[in-house]
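Two complexes follow with chain A in common, the first pairing it with chain B and the second with chain C.
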Partner chain A sequence: MNVFVTPAMLAQVVVSGILSGALYAMVALGLALIFGVMRIINVAHGPLLMLGAYTTYFLYSALGLNPYLTVPVSMLALFAVGVLLERTLVFRVVDAPELSSLLLTFGISIALVNLAQLLFTSDLRSVEYLTGSWVVGPVALSKPRLVAFVFAGALTGLAFLFLRRTKLGKAIRATSQSREVAMVCGIDVQRIHLITFGLAAALAAAGGALIAMIVAIQPEMGQTWTFKSFLVIVLGGAGNYPGALLGGILLGLIEQVASLFLTTQLSEVVAYVLLVVVLLVRPTGLLGGRET
Partner chain B sequence: MSKQLLTAYELVGGYGKIDILHGVSLSVGVGEIVSVIGPNGAGKSTAFKTIVGFLRPRSGRVVFNGEEITGIRPDVVIQRGLAYVPQGRPVFPQMTVLENLEMGAYTVGEPARVAKALERAYELFPILFERRRQKAGTMSGGEQQMLAIGRALMTAPRLILLDEPSLGLAPKFVTLIFDKLMEMKRAGYTLMLVEQNAARALAIADRAYALELGRNRFEGPGTALLADPEVKRLYLGG
Partner chain C sequence: MIRRGAALAALAAVVAGLAAYPGYASGYGVRATLQIFMWIVLAGSWNLISGLTGYVSFGHVAFFGAGAYTGAILVAKVGWPWLPAALAGGVAAVLLALVIGYPCLRLKGPYFAIALLGLNEVLRALVSYFEGLTGGGNGLSLPTLDATIPIYYAMGASAASVTLLTYVIITSRFGLRLMTIREDEVAAEAMGIDTARHKLYAFLLSAAGPGIVGALTARDQGYIEPISVFPLATTITMIVMVLLGGKGTVWGPVLGAVVLFVAQEVVWARYPYVHPLLFGAIIVAVVLLMPRGVLGLLQSRYRLPRTI
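The block that comes next holds the complex of A and B.
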């Protein structure tokens, strides 16, 4: 246990925490949308992120595309995958008991991971494009993480702008507030489900594309992201979209601060313990209620 | 007799395998207020949900404005001019009053028509204009009910079905809602409502139906049913 914490160290973990927190927030917003609109916990959210990472990897390694330019391509590709999954499988469990949707999305998750192992092998891949850090005073800013932060912030901002300002975005929020009232307003709720699932997959893909440049790419990279996204929406309040932002940043900070005091293995545990504590003490999330 | 706008013939159906309706028939003529009364479990709300397409009848037909709409989804039915105000507090609680009203005009394309509809809703319910920037969920039950009715007006519907508009409201709002329904009739709207507040519902109705266990029991002008000793005994608590 490290007991010497200098202000510089603290500044470093806060900055690192915010940088990774923005990624958590963006990816978790996808999970929050699906939960808010369809009342489904999509266990396959992380594996969709993994597919986004591979899309970026192959576009970069095979076609030589600038990896940052692959972000929108990955998002579009996974939007299509999300729509396909919803249309063929997920729509069947929208009104089913929770266990059905959990089992189905768990099954999709396993299938996607195994498919990736089959097609891409379990070899570790990486996209080494930006490396190194910028040093600002006492704080080192990892270049790929800083750019990922900027992308994640911009994409999350765009997603909120879409939800708040456009007719379709408002229809998505309306559906998550009351499906019955949405229908009597003339909103085609099935279509909203389809678009929401696609949008959520696209947000996961953006996360995958960005972290492809930070960590090793392999078929099982996604599952921890399902868990972390789940933790983020629990922290922020399930079904509370701005809450996902707060939850994401909070998770990033907690992980980084924990790493200051604990070994790597132990600091991984902190997130899990946190999930249990929040569910016990404040199951409606820190912000509570619903805010879409 | 005025022109029939909506006719539901012999509806049989309910939730899943359990039938609630065993042959309910209802009709509404242009310009009328029609009330449907009956005890809990009589099938009033189920009949409305079946008419607007939330439930599919096992048998029976629904004809609206000369077209068959049996089993057509609610989001499609609204585009034919049949609006529905569900039971409870049917608003989007996290949206402002104005956003709620705009969602009511979701199927209306032209901004000019939306603006006109908004004007009409504000004219009928001035409180909605005052509260336009307030989140719907923070308003009182009566205000939320007015918002729900105002929202249903946004498509300029030919017929509005209201499921228990006075349920759970404070007495002064119950009176206000019934006054507003009369005002809407005078403004040319056609209304059909389900009500547990039978006396008031009959008092404002041109015609009324009393249901019992999923079947039609009584039918006639509202005032006639109100005076009928049998109706009084069964539906008005003596």
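The block that comes next holds the complex of A and C.
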């Protein structure tokens, strides 16, 4: 237990919180998109992130590719996986009761994790490319985390630009607002579902690729990301895409501040208590409501 | 009426046979049957919340673990006899369900499912953190005691109680209201059902059984550690059992538990590594192809009572 907090420590915590928060925001945006457009919570979101991390790991260790160059490759690969999953399985439960989509994606999630265990074994692996930190005044900036922050920020920005400016992005937002009206306007909703799912998997993969350079990867790394991404959505307000940004940064900050006072063992507990409290006090999220 | 009488007679014969079983069975037979009883309780309890209301619990093993630790601590540190300790395990699980269920079940949608997805890890972290009480990662040993046969009866009584409770609920107005929530929650509300309260009651009932058998299992095995009582695999197994047998039915979880347990013992024990893959595939296949499980299939083929 640490009771004395110096301004330098506080600055460090805030910086670290924002750095990891950007990653949370990017990964959660994927989950939020699927939820907004298809009304499905994809329990396999974290395991898709895990697959992205392994893609980067193998491209780096087997082909010797620069790990940052593997980020777009991982994203493309997982876009394909996402499209495949949607086309073969997930589309069948889009209008089914919630129980069906939750159980189906849960089944997919278990299968993916086990498949990874069989193919890649449960050994911890890491991509050691950038190590060490840059020291700026009282704050140490971990190099891989800072680069990951830049990547996550850029990719999230691109995703928002895509959603706001392009015709396809507008079609996705329209479908998210009202599927029926979108259909009447001539939008091919099936295709939008397909693209959204692929896009979400690609965002998760980008997260996985960047995380692979920060922490050790293993087949079971994904599940907490499903939970944390969901927490980010709850914080920001379900269906509110900019809210996911705020929620991500907020979760990063809260976890880091909590780490000042608690052992890392309990960081999972902090996130959990946060979820329960937010659901109790402000179930519509901090920004509230559906997206505009 | 004759068929009903015959069914009741058959049921009584099965119960009597199981009650007499430890008298002439081998040690392995008793242990295996005890495990089947445990799975019937777990699957039946998951069915109470998820099968009846449609709210999926991805963390039901948390109640098993909470019961196991409560029971083990009461036996090992306070010196309680195992039977009251098991009941206390059930009470602890219900209290935990109240804390989690109250905020999550007031809302519609996936909040409940995802909150329970995380619950497991949280409890495991807490148990590891409070080392003084729980032994942390080193686990907790209980005083030696050979109580396999009394525990067999306690497990059997729990399995019978959960199945009977499911029957009573399904044939009651309370059960009808739960199933209305499952089919259309907005309509249920419009009919004046206090949905939040009903969901919470179903959830509390569904936590008691796992808490009790968790404590019984802790006593039976004499040693528990965080990874042995909070495995995600246990939740997965109960879900597969219920889906396979038929969710929302009285006998579906029983059927699923028996069939899956026997299959696991006989066939799959040789292939432990592909277990989750297979279970994942079964979940996907049942959801897409056979959403009402084996019993649902039989009900649609043959003339069987609705409350089976």
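What we mean here is this: the second predicted complex is superposed on the first by the 291 of 292 C-alpha atoms of A that agree within 3 Å, B and C clash if a C-alpha of one lies under 4 Å from a C-alpha of the other, contacts with A are read in each partner's own complex, and residues count from 1 in each chain.
Methods note: contacts are C-beta pairs under 8 Å (C-beta built on N, C-alpha and C of every residue); 3 or more make two chains touch, one makes a residue touch a chain.
In this text, all values refer to a predicted model and were calculated from it rather than measured experimentally.
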Looking at A:I187, would you say it contacts chain B, chain C, both, or neither? Reply first, second, both or neither. first
Could you tell me if A:T263 is touching chain B, chain C, both of them or neither one (first, second, both, neither)? second
Which of the two partners, first being chain B and second being chain C, lies in contact with A:A271: first, second, both, or neither? second
Return first, second, both or neither, reflecting whether A:T166 touches chain B, chain C, both chains, or no partner chain. neither
Chain A residues in contact: does chain B have more, or chain C? C
Just chain B (first), just chain C (second), both, or neither: which does A:N66 touch? neither
Once the structures are superposed on A, label A:V43 by its partner contacts, choosing first (chain B), second (chain C), both or neither. second
Using the touch definition from the top, say if A:N114 reaches chain B (first), chain C (second), both or neither. second
Which positions of chain A touch chain C when the two form their complex? 35, 41, 43, 89, 92-93, 97-100, 102-104, 106-115, 117-118, 223-224, 226-227, 230, 234, 238, 263, 265-266, 268-269, 271-272, 275-277, 279-280, 283
Looking at the complex, which residues from chain B come into contact with chain A? 52, 54, 73-76, 78-79, 83-86, 90-95, 99, 102-104, 106-107, 148, 151-152, 155
Within the complex, which stretch of chain C touches chain A? 50, 54-56, 58, 99-100, 102-104, 106-107, 109-111, 113-115, 117-119, 121-122, 125-126, 128-129, 182, 232, 236, 239, 243, 273-277, 279-284, 287-288, 291
So in the complex, the part of chain A that touches chain B is made up of which residues? 167, 170-171, 173-174, 177-178, 180-189, 290-292
